[in-house]
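First chain written, first letter: the chains are A, B, C and D, and each begins at residue 1.
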Amino acid sequence: MASHCNMEGNERQAFVDGLIQANRHWTAQGTVATYIPELGKQQPDLLGISICSVDGNQWHAGDWQAPFTVQSISKVVTFIGALLDNDYDTLTKTISVAPTADGFNSIVNLETKNKHRPLNAMINSGAIASIALVKGADMEARFQRVFAMMKAMAGRETLQVNEAVYQSEKRTGDRNRALAYYMKSTGIVTGDVEELLDAYFRLCSVEVNCQDISVMAAVLASDGVSPLTGESIFDHQTARIVKAVMTTCGMYDGSGEFAVEVGMPGKSGVGGGIMAVSPRRMGIGVMGPALDPKGNSLGGWKLLQRLSQACDLSIF
Amino acid sequence: MASHCNMEGNERQAFVDGLIQANRHWTAQGTVATYIPELGKQQPDLLGISICSVDGNQWHAGDWQAPFTVQSISKVVTFIGALLDNDYDTLTKTISVAPTADGFNSIVNLETKNKHRPLNAMINSGAIASIALVKGADMEARFQRVFAMMKAMAGRETLQVNEAVYQSEKRTGDRNRALAYYMKSTGIVTGDVEELLDAYFRLCSVEVNCQDISVMAAVLASDGVSPLTGESIFDHQTARIVKAVMTTCGMYDGSGEFAVEVGMPGKSGVGGGIMAVSPRRMGIGVMGPALDPKGNSLGGWKLLQRLSQACDLSIF
Amino acid sequence: MASHCNMEGNERQAFVDGLIQANRHWTAQGTVATYIPELGKQQPDLLGISICSVDGNQWHAGDWQAPFTVQSISKVVTFIGALLDNDYDTLTKTISVAPTADGFNSIVNLETKNKHRPLNAMINSGAIASIALVKGADMEARFQRVFAMMKAMAGRETLQVNEAVYQSEKRTGDRNRALAYYMKSTGIVTGDVEELLDAYFRLCSVEVNCQDISVMAAVLASDGVSPLTGESIFDHQTARIVKAVMTTCGMYDGSGEFAVEVGMPGKSGVGGGIMAVSPRRMGIGVMGPALDPKGNSLGGWKLLQRLSQACDLSIF
Amino acid sequence: MASHCNMEGNERQAFVDGLIQANRHWTAQGTVATYIPELGKQQPDLLGISICSVDGNQWHAGDWQAPFTVQSISKVVTFIGALLDNDYDTLTKTISVAPTADGFNSIVNLETKNKHRPLNAMINSGAIASIALVKGADMEARFQRVFAMMKAMAGRETLQVNEAVYQSEKRTGDRNRALAYYMKSTGIVTGDVEELLDAYFRLCSVEVNCQDISVMAAVLASDGVSPLTGESIFDHQTARIVKAVMTTCGMYDGSGEFAVEVGMPGKSGVGGGIMAVSPRRMGIGVMGPALDPKGNSLGGWKLLQRLSQACDLSIF
């Protein structure tokens, strides 16, 4: 099976084209996210994939150029920022690295667990707390620091916030306000909550495509080194922590199933994207706005499952 | 024992004076609430009691004239407003009448129970939702309606909001913001959350004394009729619902113990007050800012326990 | 309205007959308990009522003679036994008196609350723990002590365990085994769990009728004195505690609604019975095996609601 | 760093000897499990390691020959048995593959999650349910099937149940009884609970040493092939599922931290052992009965952390 991954250039292109063709039907079984009204306008039958090897070779197929908002995939970048700006032991006093069977916006554990700290940085509460841990003179500076990291990882300076989605999230983000105010009441975050959430909503609303995600993933695959420039964007140790937390927590309460079925560090967003990392081999970005009930791209998941089997990408 | 309550006027006064003397030592075992900073400035050794019979006779002892903020006792008045302005069956689709073993500011049940409705109107989430159910053109009108009801029940038009406490609550009320935004995210409340909370914080910050509370309680004791004017302020059925919910839910997670030890419908506030109702006999207001770990006035609870035993006030 | 209760004997009989007629249709909206298979054989359209005043006058209507198993109403008697045999402060170190919004067989709070003690004696965990607190050389002696108390309260020495129901409960009582073994693992109960559960299942399986329940309730109404013999079966203080706990916890997660709609200390059983107490006035026993989703007799609840309104029996 | 792993034989031996020396002091900071009384007799300062490469080379150091009971590491073998005997989709209808932030013996999720299925096979509830899914004419046959698999994986036919530990677990395993009876009440398991638990307790009580664990781990490392005999004991797909679930759930609520700090599929037991798998490279068995508060061997964890760093064994 792994032979698919050793094919010549043309054969590989045919392989990824075939993947899209064989799996597009899955998009009909999911549902576009509607709790952020602007996301409800997405076209449900899109499906795309981009692959970027650690040495910079790229393959694309399907709607890989279609723009979508990065949403929770931004949590990976924010977490990298928080790790770079804080000692690991200090960081984990504020945010744990514990998996959870609860959903991405759950508030229960903030009350029932003793430490009053978010379980991990891949769920909403932990991501909001992560932003507050990024260094910066003010919240705008923190946003810019994470946004700059995202651009550097994607190797694209032209990334922009989708204003309509950002405004839509801001208008309807009351569950996130509940999480943030709860954490303020227990001292996990300080300062102005609306400013903090503003940074969170803007980071979630950055518009990307499959290629961007695949390049970002390839940086993680090569432990911090850009596959495009060879520049070291962050250190090896940070990359390992992030991939470990992505593996145990990246797909929300579907993380366990993703580990079994795909077997790679992954992170999904309700915009329909999934980032997957094949350590020391490649980064993968898929998109498909039709989601499964847990909020993960249904078609994207299937693409990754087939690709992982065909190329033996499981880390296990 | 019940003979104490059939004494002549002078003997009764001696009895309540003695109650204060015998129980003031309890105040040393409690702690003044500090999560609202302005409340932390209260004098911990105050202890007072006022009794108002359904025919308007009054007895007072100790620091009954000392002002304190009504805090959660206002929830009783808000709930009355919500009951008057809504059909009971409609109301209970938004707010349940279920007791809970969780604390007054718990958020867990909003997520884990199916209906996404606050458990009852005596805890913070339910009280905030109650305000939204009071009729009014805007939030200011809703506040005024409940505030007017509070004045009418206390028989005192001069009741005022304590500005310092109100500002303190507003500044530090992030746990309540979490509750309110959570409920907004699930559709329990609508509109501007800060305005809603503003009304909530102002109602909690109304300054009262033991006499005010005792007269308010006497209105409930006589099923809605003012003991001072004979005016019917609300109907018999509303009074019964309110007293039932006070009995099962009024003392937070201490409600079960209060039923056993005192045996009257009661409602406490972190300002140190407790309202207790002896149906068809009297209303009682006690104050003592030193609280037990569940947020109930320690000295006030003991006063009520002794009084209930001496006068056989238990409804059971 | 209260006039119904001051009627002459014949009129009263007509009143209770009318109650049954007017409410029997409710039985069609409930469901017979099936988790204990033997209970599933009950006739769903039965409906009966017995009233016993504190001075021993009795009225009956409908299927008041139909036998049913006492089920959770036995928890009231077990709790009386535990209170008589233990200092209150000691008892509440093992079993709390806290209401709960969770169901009668919930195990969650045994793990999530700090003290590892059942929330109250009216839910399964607390009742099982109560049996262990009754004095006796062995479990058989504890069973006999509670059973004797039940007979004394009912004024009927011929009460018997329904063997078929007992065996059915024993065979299928795995949820109760889970509760008991959990409590054994945390030290709340000691000794042989199967023996303990055997006592529990036998007490639940005692066969009674509405008259038995009404006489038992009348003993509580008169603070421990039998309305038939004038004998004091237990003390005033015990009666008050039991009625307080029945009010806040007796109808499981329907306790709050029962307080609002009926307004009396009550205890229901999945056999279809409900015991209600009008302090210093009367005891009431109703039966109707068709239950609402919370496990309370649907028709029985309605009977009590109408009776309470007609005779102003609310304690509030 | 990885150079340590490319050393000649003598140097490698020196390296693992040094590991033990450098980390034995950690054993003083942990505590021997006492909830199974027999385990409380273990010597707390033991520390040992065995490594078995996929081509059968072995290194050992410290107390690698000291016997300890396999405890929860047996869950890995039971899960393999359940996977071999059931279609994956069927299996996951009974047992999920979801990580959890709750402890190994938590019962909460069995009640609060909708599906009434254990979250994963690496915690007690899921392991007990797994045994019931292994094919066999009776419970004895199921036990023998899993035990035989354990012997085959360890390459040692002389493995035996430690009778004293088994009896101790059986006597005190009430929390597991609670889990099992709860699952019986919801239909997750059927049949005789004591027989089921008997198999569970016996499997937990099998006596092993570090070498046994390392060889078992090496079978997983080579996707089912014994490093000693070259025999395929189970298929590639089963191995992948097991390693994925070990990674997300194997160290209880410490799974997230283990992924970050060690970065290998792992499984610990309260007997003090930890199994770790370096896919396609080696299996590792460590032991150290002094545990951290989450129930994982403190010294064993540190050994694995140092080894993983030195040899770059992280799968991320």
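To be clear about the criterion, a residue touches a chain if its C-beta (ideal position, glycine included) is under 8 Å from a C-beta of that chain, and two chains touch if they have at least 3 such contacts.
Source: prediction; values computed, not measured.
*Asks:* Between subunit A and subunit B, what's the gap in Å when you average each chain's C-alpha atoms?
*Replies:* That pair's centroid distance is 48 Å.
*Asks:* Let me have the rounded angstrom distance from the C-alpha centre of subunit B over to the C-alpha centre of subunit C, please.
*Replies:* 31
*Asks:* Calculate how many whole Å lie between the centre of subunit A and the centre of subunit C, each centre taken as the average of the chain's C-alpha atoms.
*Replies:* Averaging C-alpha atoms per chain gives centres 55 Å apart.
*Asks:* Taking each residue of subunit B in turn, which ones touch at least two of the other chains?
*Replies:* Residues 112 of subunit B touch two or more partner chains.
*Asks:* Chain adjacency by touch: line, ring, star, complete or other shape?
*Replies:* Chain contacts: single closed ring, each chain with exactly two partners.
*Asks:* Throw together a list of every chain pair that touches.
*Replies:* The complete list of chain pairs in contact reads A-B, A-D, B-C, C-D.
*Asks:* Give the list of subunit A residues in touch with subunit B in this complex.
*Replies:* 106-108, 110-112, 174-175, 177-179, 181-182, 184-185, 193
*Asks:* Spell out the part of subunit A that touches subunit D in their complex, as residue ranges.
*Replies:* Interface residues on subunit A, with respect to subunit D: 96-101, 109, 113, 119-120, 239-241, 243-245, 247-249, 253, 255-257, 259-260, 263, 265, 279, 314-316.
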